[in-house]
Amino acid sequence: MKLAVFVSDYRNTVDTLERLDVEDLGIVFVQNGVNHAAVKENGEPSPLLQKKARLYALSEDLQTRGFTEADVDGRVKVIDMGELVDIIFNDYEKLAWL
Amino acid sequence: MADVKLAFIVQRPPYKSENPKLAITHAIAYQVVEILLEEGETVTPTLCFVGDGVLACIKDQKAMDNYGITSTETHLKNALLVDLNVLVCKEDLERFGISEERIIDAEEMGAEVKIQAVPFAEIQKTMESANHVLFF
Amino acid sequence: MGTLTIGCFSSFIGSMNLDFAFKLASAAADKGHKVNIWFSGNATTVTKKGQKHLKDYSHGETPLRELIEKGVEVCTCEACNLARGIQKPDAVEGVQWNAMQWYLAKIYGSDRVLHIGGE
Amino acid sequence: MGTLTIGCFSSFIGSMNLDFAFKLASAAADKGHKVNIWFSGNATTVTKKGQKHLKDYSHGETPLRELIEKGVEVCTCEACNLARGIQKPDAVEGVQWNAMQWYLAKIYGSDRVLHIGGE
Amino acid sequence: MKLAVFVSDYRNTVDTLERLDVEDLGIVFVQNGVNHAAVKENGEPSPLLQKKARLYALSEDLQTRGFTEADVDGRVKVIDMGELVDIIFNDYEKLAWL
Amino acid sequence: MADVKLAFIVQRPPYKSENPKLAITHAIAYQVVEILLEEGETVTPTLCFVGDGVLACIKDQKAMDNYGITSTETHLKNALLVDLNVLVCKEDLERFGISEERIIDAEEMGAEVKIQAVPFAEIQKTMESANHVLFF
């Protein structure tokens, strides 16, 4: 399954993403989810960045929270809303907002 | 002329937000969607409870007595009465120690289907075969 | 060009979920895609007209009107609105009032569905 | 007998926070305590009058009216209401309209404060 | 400090309760917080029940979720809304809703 | 004739709910509360950021540019301009690797106070000495 998962929170109260078995996974960090891409805790990046997945973070939501591209982990691609639209239509068949 | 399959995944407990209830009511609407579709077009939702969402399936919810609102239990019974396919994750039931006799059913109301406790792998398959997934 | 249906279930103001949905819908429409938006639960309060645009708060009315002008189809859950004391004449013009089957029917004809659940 | 001030910041319908606050306020008033309630943020939509009482949904209008009748003082954040398109004539009668200082002033004279934050 | 903390969620996204140093602590489980009192995970009761605190759970909220007193851990006292009012005024000076 | 001390504790990140913003605006209202109180009565809030709440203190938030809404940064600057006592938990700043130069200040606007990074123990003391605590 080609699935793009939207992570909009920094702390998740669901473990769905850990359990899902997805062959072609994208993780899109939006809203407070961008903290996963831009913040380290005790020097450690978010465990979500270790998933076998293409990783994206929305530039608008990074900027809103005072982050710049320099803060973003190298594994994460910074995209804008227009690029997100293309990713949604071209790269994934199903979308999940956790 | 086709059927569109939907996986409704309830992953949070009831009574914190309207999510679990709205998952059920939206799934039930599959019964009346035909008035907005062409002949032969159908929508088939499967309603799946995983994680803390399985807590919605415990019977004897006294929401009406205590808060004057329809319980999630009543909504689930309505879902069973319209033959909706309702799955609950077996591993999560076991994790919470919820025995099968505590699971809601609507037999006394004449429902022909029951909530089925299935392994997570089956819920995964439901998501794979669905055209769209909706997480609540 | 494809069809995207977005389901919005989060409260208006605060969570930014609706602000996000509006921006995504607008970007998709600008690229020529067909977009549908369904409001249910606490999200339905965004359809109330006469919102004073204070800069401290997310504002729903202007983006909604812009989206409708762009051809985005917008529908709100009638029962959810009535339970919150919002009648149809109180709603932004052009917003459709219907029930859950509207959402399912739009999903039927959609290439992509982004269901944004509640808080 | 004491004074309890309750601050409500969560969305109306769904979270049960407001239902809880109403029951607590009612129980405290029944025991002879003075109770004040402040609505801010998404909670302010509960002050809209004309809520249709559908059994599927939490209902705010009737409990609000009962509390006011019991002598509970209820105040809503004016700016929060206006941002949501709710004007003063749309609100349940007896609900005061004011700003944040109302809450602080009530807290000043309270023995206990239960601040129920947003979602 | 005499503090009563209201726990209204099953999953907490804040660690405030772990860090607070309170000499006279009460924990009141309300709404979905009652799951801490009535549900075990993998046979283990909620770690919150091990806090050095008086523990309460609201009967109305237990019943609403299909629980009875028989489900509730022995360390937790089941109270109704009227009793909660007395606890608020008689036993604690400050209240915190997490 | 007395002062009532309040501890406002922001423990969640901004932009997910209105909580952090409303904590700031409610604290700022201490400036105008006297119109509702008797002579000599005052309310003194201390605004404390702990846990994920410290993320609200990062400067250069472009909420107006991107979403057309006042940033939490602007609200915090307003708080400093009215001499509010604002504390941020040092341990949490360190945990997130947020250096002091990334913390919001309002010096260029003429504010005389700054956000103070303090150990959690001091925030604990603030709660102990407060008449009431308000968690956002």
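Note that the chains take the letters A, B, C, D, E and F in the order they are written out, and that residue 1 is the start of every chain.
Operating definition for what follows: contacts are C-beta pairs under 8 Å (C-beta built on N, C-alpha and C of every residue); 3 or more make two chains touch, one makes a residue touch a chain.
All of these numbers come straight from a predicted model, not from anything done at the bench.
Common partners of chain A and chain F, by the touch rule above, are C, E. Looking at chain A and chain D, the chains in contact with each of them are B, C, E, F.
Bringing chain C onto chain D by least-squares fit of CA atoms involves turning it by 180°, to the nearest 5. Placing every chain at the mean of its C-alpha atoms, the farthest one from chain C is found to be E.
Across C-F and D-E, it is D-E that has more C-beta pairs touching. Among the remaining chains, B is positioned farthest from chain F, on the basis of C-alpha centroids.
Here the CA centre of chain B is 29 Å from the CA centre of chain E. Inter-chain centre distance (chain A to chain C, centres taken as mean C-alpha positions): 24 Å.
The geometric centre of chain C is 38 Å away from that of chain E, both derived from CA atoms. For chain D, residues that reach two or more other chains under the stated contact definition are 13-16, 23, 41-42, 56-57, 59, 112-113, 115, 117-119. Multi-chain contact residues of chain B (touching two or more other chains): 15-19, 25, 52, 67, 132-133, 135.
Residue numbers of chain A whose C-beta contacts span two or more other chains: 9, 11, 13, 31, 60-61, 94-97. If you draw each protein chain as a dot and join the dots that touch, the picture is not a line, a loop, a star, or fully joined; it has some other shape.
Going by the touch rule set out above, the chain pairs that meet are A-B, A-C, A-E, A-F, B-C, B-D, B-E, C-D, C-F, D-E, D-F, E-F. Taken together, the chain A residues at the contact with chain E in this complex read 9, 11, 13. Within the complex, the chain C residues that touch chain A are 2, 4, 15-17, 20, 23-24, 26-28, 30-31, 33, 111-117. Contact residues of chain C toward chain B in the complex are 7, 9, 40-42, 99-105, 107-108, 110, 112-113, 115, 117-119. Those residues of chain E whose C-beta lies close enough to touch chain D in the complex are 6, 8, 30-31, 60-61, 81-82, 84-86, 88-89, 92-95, 97.
Across the complex, chain E is touched by residues 13-16, 52, 55, 58-63, 65-67, 71, 73, 95-97, 102 of chain B.
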